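Let me begin by presenting the structure, written as structure tokens, before commenting on it.
Order as written gives the chain letters A, B, C and D; numbering starts at 1 within each chain.
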Amino acid sequence: MEHALEMRGIVKIYTETGLRANDGVDLTLNKGQILCLAGENGAGKTTLMKVLYGLEKPDAGTISVMGKPVSITSPLQANRLGIGMVHQHFMLVDDFTVAQNVTLGKEPLKGRFSYDLKGADEAVDAVIRRHRFSIDATKRVGSLTVGQKQQVEIVKMLYRDVDILILDEPTAVLTEQEIESLFITLRALAEHGTSLILITHKLHEITAISDRVAIMRQGAMVGDFPTDSVDGKQISRLMMGQSVSLVVDRLPYTPVQHPVLRFDNVSVLKRNQQRPLLDGVSFAARSGEILGFAGVGGNGLGVLEAVLGGFLPISSGAIVHKDEDISRLDSHALRKRGLAYVPADRLQVGSALKATVSENLIVDARNEFTRHGVMQRKKIEAHTQSLLKTYSVKGSPSMPIGTLSGGNIQKVILAREITQYQDYIVFSEPTWGLDIASSRFVYERMVQLRDEGAAVLLISSNLDEILAVSDRVIVMYRGTIVAVLEAEELRQVTKEDMGAYMLGLRQQEAPHG
Amino acid sequence: AGSTEQVPAQQKSLSVLVYITGVMAGSPPYTALAEGAQEFAAANENVTVKIYEAGFNQAQWEEQLTSLVATGEYDVVLGSNPSLPEICERVGAKFPKQKFIITDAQKAGNSQLRTYLYNQYEQSLYLGYLAGLVTTSSMKHANSALKIGFIAAQEYPLLNKHMVPGFLAGARMVNPAIELDFRIVGNWFDANKAADLASSMKTAGVDVFAAIAGGAAQGLFKVAQEQGAYIVYHNTNEYKAAPGYVVGCGSMEQKKLVKEILVEVLAGTVQYGTASVVGAKEGYLGFFFDDPAYAANLPADIRTKFEAFMADVQAGKIAYTLPPL
Amino acid sequence: MVDRMEKRRVTIVATLRNSIGAVVIVGIALAALVVLSLLLSATPLKTLRYFFLGPLQNTYYFGNMLNMAIPLIFGGLGVSLAMRSGSFNLGGEGQLYSGAFVATISALALARWGSAGVVVALFLGACTGGLLAGLSGVLRMKWNTSELITSFLVSNAVVLVVSYLIAGPFMDPATNLIATRMIPESFRFTRILEPSNLSSALFAAVIAVLVVHLYLYKTKSGYELRLFGLNPRFAAYGGIRTKWYQVWPMFLSGAFYGLAGGMAIFGTYYACMKEFSTGMGWNGLAVALIARHRPAAVIPAALFFAYIESGARNAMLHSDVTFEIASIVQSVVFFLVTSAVLQKIGSVQRRSI
Amino acid sequence: MNPVAIPVLHSAVAIMTPLLLASMGGLFTELSGMLNIALEGLMLMGAFASIVFTHFTGNMVVGIALGVLASMLLAAILGTVTLHLKSNVFITALAANLFASGLTVVLSFKLFGNKGVVVFNDIGRLPRLDIPALAKIPVFGDIFIGHNIFVYLSWVLLALCAWVLYRTPFGFRLRATGIHEQAMVSLGMRPSRYRFIAFLVSGFTCALGGAMLTLNLGAFVPNITSGKGWIALVVIFLGQKKPIGLLFAALVFGFADAFSNYAQGAWNVPADFILAIPYVFTLVAMVLFSIYTSRKNRVE
């Protein structure tokens, strides 16, 4: 069978840090094959793909496509060679519609010069329907949820009918349902002879979708098997050096009844938005529990996060922290009261990519490192060093945090927020794009906090995560609470039931958190 | 008290610095100053001239003049600006042998300094008188309104204290009811803004204009020709700038004065320490009667009235008090 | 410990690389000057000599060059502060001019106070500039009106008003210059390097650079300011007062411009002349950009700028170069001065295998 | 309608035209993600070159065309230095302004032996649009008819400009470049190419704006643009970076300026204050607009 793609001895060194992100990597891909590229955070997967897509110039190595040796110096060339890439981070123009984003650079014309907008809508709509996506070609991308944005990225490539499609962690931000439909699409593509490279950290996804799995570790290729010849344990052992399970053992559930944080009938309205973003939401987060919030993108999880973080003022109702009304407080005031919060968007909200690791680490504890308004460099240095050690972050205090891999960035954020926390802490999508080890690390920390008596609020669109670590689960639909599950009920509940709640097909009567 | 300088040997070479406080671009008086000196140098092979344009920023004039004087290359500095004397005094204090001769300025009692002040009040007076005659006349583009206009690039003492009041006073000698519409462009080059101002003034009833606006005056010339209005112009012959519409041009004999000054310098007879006011009587301010455009553009009755007035001015028969600068 | 040393080594290497790049740029720029003067000057050699050596040929020119750099340093610092916080201050002209004016009239009013008056007057001048720029900051904070444009508009209006005040109510009747009265002797900075105009304001400038550097990199407020500039959403998330950092840096940058004006008066001119500061605001901005908003780099940038400026001035004074030719030559230098590509030429690709 | 307003509005329409033209080109660079402060210099270049070439070729159309080329050449230099030598666009643009102001005078000295005003008597008046039928329409006719062709050209160009930006692939790519450069790169397009073209466009329209200043006058005055390029930049922002917005914003400034010209005669307030009116007026408009927009999308 002919190789669609063959990479030999790829070496990529980042001159700023002198780090060998790829160190003589070989990779082959057959026609119509789905290959999963796995590996811990910072293993070099994205780098390898950037090399293939012409975004990074390799320091050594050869690439041949469809048997022909090529040198790919720009994405333009990659496109010409039929290679398409869906990036780990969105490459979308928010102000444009879906169709305009998809057709950008390959616009249908009306006459000789003018852009056939209608034609674009139709063409893109056709692609969307053919692959059973759920997005509207005429909608502004800015108004979409992350899940839908991810779909746009994929449609972008399908529209360009590429022969080799790279997807860098496309599932990280998708919900069960979205992932399911994505996989159907990908299989269909493979049937039609498209070859796919899919980067993911989730073992069951690897087994579910791939024909072959290639595993990277510290810049090198450490394994390459037919998927059916290996099981999850082996894969994770190859990735991490030891096998990792996501089950974390914990103390029995004995929450203090008195709530730390309470929402009383909270609503958020916004001009020119037909329905409320949050609609009469009431719940209480108690000390010593992990309270999970599940929901499909677009149903208020992000809003809830924004409200908890103090970015979005509420329109009615009250938020009560330790018997004090904090409804009107902004982030600044909330932080003063000890808000600890791991945001979903770790790159835009959770960190300043150009700032150094230590500058990122001390942002909400900065007062502790100042005397008479002057920063105490030594103290900060020491603090950073120790945290980097305890959280085993690959990176040094003076590096710009932007040069760390996704997993390491998240570790830095966790370290910061956990040190900051006093009595409650918010995690939003804490394991997006994290490898198993890192994910487990996050869960261990969450449980540890809970066992120490924290009220942990976990906002996540990842059902396995919710079900794995929550003591109670609140399901959101269209900005309202449709179900609250605990104890037995929670242990009984199946993913299907959850799905029904999340899609608004089913609803508890008068659910109260 | 004037202190006469030692008479030097006849063939002594002379090096002159013409210090332009601004740029020659678009400024007839500065151009005349420079050309006068250059022509004199051309006529006397032992005379050399350096022209230096110091730019519009008055704050930098002293530093640059100091740099030039410090070289000791120049026997005398020629300049033309009311504010130069005080700068020259400060620079001169550092270089006691340096001599300065400044026109368009007034300062007595410094033995390094000789000044000549053009009586711009007087020129504005007779140009204003002509404007008065025109606006009250029945000439083609003259209207019934008793309103004349003055467009200036920017405001400065000589303008505010001599030219504008003189212009109005002159017009009021024709008819005390005449009003003056005075407007500012804001800079020396926005000719289109000047044009907009001019047409706005035209709609407000102005039919005769004067302008001290450098390059921006182009805008006035354009509007005058397109919309029909008359112009009396200071210091230079600009009849051709708007043929048929420029009805009178005053003259300022900067070149003549410069050459006479340089002759005195060569002869060593400069009355340093004294300040003179020169005007129509002395023959340094006048009017371009001899240009055919003058006779062609103005009806006989106006010309006779104006020439009579001019004669009186030159004879010193017109009574006015020169406002202090 | 080892890490510390390694870090130092890296930074040294980096700075060396940058300086090589800078040299390359200056080299090219100067080469361009040679070509231009060959084209535009009848006495190219003379022109070049005065252009390059003029500013250094005697204490007078050298002092004046340093003096020219002083307001550029203050202005450059101001802009750098604003830029670091993600604001753009295009109002330098008006802020500097009004600062100078207020400092001057305060000095005249406080004539009797002596040296205490100097401090107060400069402070008031700085506040004036600060408030003008701060206004743009407030507008951005409340309704996110582009501070870039509002500062520019405010400045343009203010320049006219100040000019009116100088030529009108505050004009010194005793002079034919359009200027205020002279500030009292006791307010004038001592001249150093006579006969040049250089004054002790130079030390103030150097101190200011130090202060700003320490503020930005050593204080909590400076840290917050920089983070806000790097990522406003992160700053908000981290509990930093984002509203404050839309106003405060603008205020500071205006204040430094105002100070630049005051220093120019107290150190050099002694009276506020009409439009004396034309161009200083823009030049301060240019200096900040050449220095890539690094306070420490503002000094060399300002000196470079002043060197080019006075070089041009010198060629005008002593050769046949005119005003316009000088500005063409300067423009060529500015075309190249910030080029990153040329910077790279200096940089040695570092391979660690 | 009162007799004062008509002439004021009439001259407002004329005053706004060079600003509108320049701001159109500026809009392209702005949308491509660059703050282009070289509009002033590009205008000056066009102003000088087009009248000089008209003088030498004796044909206004050819003259303007060559003038446009000259300005685009300067824009190309600016683009190359900024994009390919990766220089700070603000500094290079300042340089371009300095360059234009110097070069125009040097050339006019070399060509006409005069550093000052150069009057070209051989250049006819700009053709005007006088359609008696339309001119008769009461207010409209008085305000919009009888201007020189540049006024109407600018409206046509504005429509064209809107079409290019919102109805052609180029327009979408240009705007994408400004909003999300990486998105363009990842689709295999070169942002620098679109930015370079944007520079050329700004050279093109600025030249026309400048040409109107000199040809309208039949003379070149050093520094004749006197800050109009900067106002054009303001117009872009006040116009919310939208073609139709430019029209509105340019009119706001044009009106304020025309009004201040009138006010100088009508009020006795120090001229400097009245000269400040356009800036203050524009500032107020700017603020009011941003208040309006911030109110519009706010969480209640």
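Assorted remarks:
The working rule: a contact is a pair of C-beta atoms (placed from the backbone, for glycine too) under 8 Å apart; a residue touches a chain by one contact, two chains touch by 3 or more.
The structure displayed is predicted, hence computed values, not measured ones.
Among the remaining chains, B is positioned farthest from chain A, on the basis of C-alpha centroids. If each chain is reduced to the centroid of its CA atoms, chain C and chain D end up 29 Å from each other. Taking each chain's centre as the average of its CA atoms, chain B and chain D sit 36 Å apart. Averaged C-alpha coordinates put the centre of chain A at 46 Å from the centre of chain D.
Chain A and chain C have CA centres that are 45 Å apart. In chain D, 105, 115, 272, 275 are the positions where the chain touches two or more neighbouring chains simultaneously. Counting only residues that touch two or more partner chains, chain B has 23, 155, 186. Counting partner chains per residue, chain C shows two or more touched chains at residues 160, 167, 322-323. Interchain contacts (touch definition given at top) occur between A-C, A-D, B-C, B-D, C-D.
Taken together, the chain D residues at the contact with chain C in this complex read 35, 77, 81, 84-88, 90-92, 94-99, 101-103, 105-106, 109, 115, 227, 230, 233-234, 237-238, 270, 272-273, 275-276, 279-280, 282-283, 286-287, 290-291, 293-294. Taken together, the chain D residues at the contact with chain B in this complex read 7-8, 11, 14-15, 105, 114-117, 119, 125, 213, 216-219, 221-224, 226, 257-258, 261-262, 264-266, 271-272, 275. For chain B in complex with chain D, the touching residues are 23-27, 31, 155, 181, 183-184, 186-187, 189-193, 195-197, 199-201, 203-204, 215-216, 218-219, 222, 226, 241.
Considering their complex, residues 3, 7, 218-221, 223-224, 226-227, 230-231, 233-241, 349-353 of chain C touch chain A. Listed in rising order, the residues of chain A touching chain C in the complex are 13, 15, 18, 309, 311, 331-332, 334-336, 339, 341, 343, 348-355, 359, 363-364, 366-367, 370, 373-375, 377, 396, 398.
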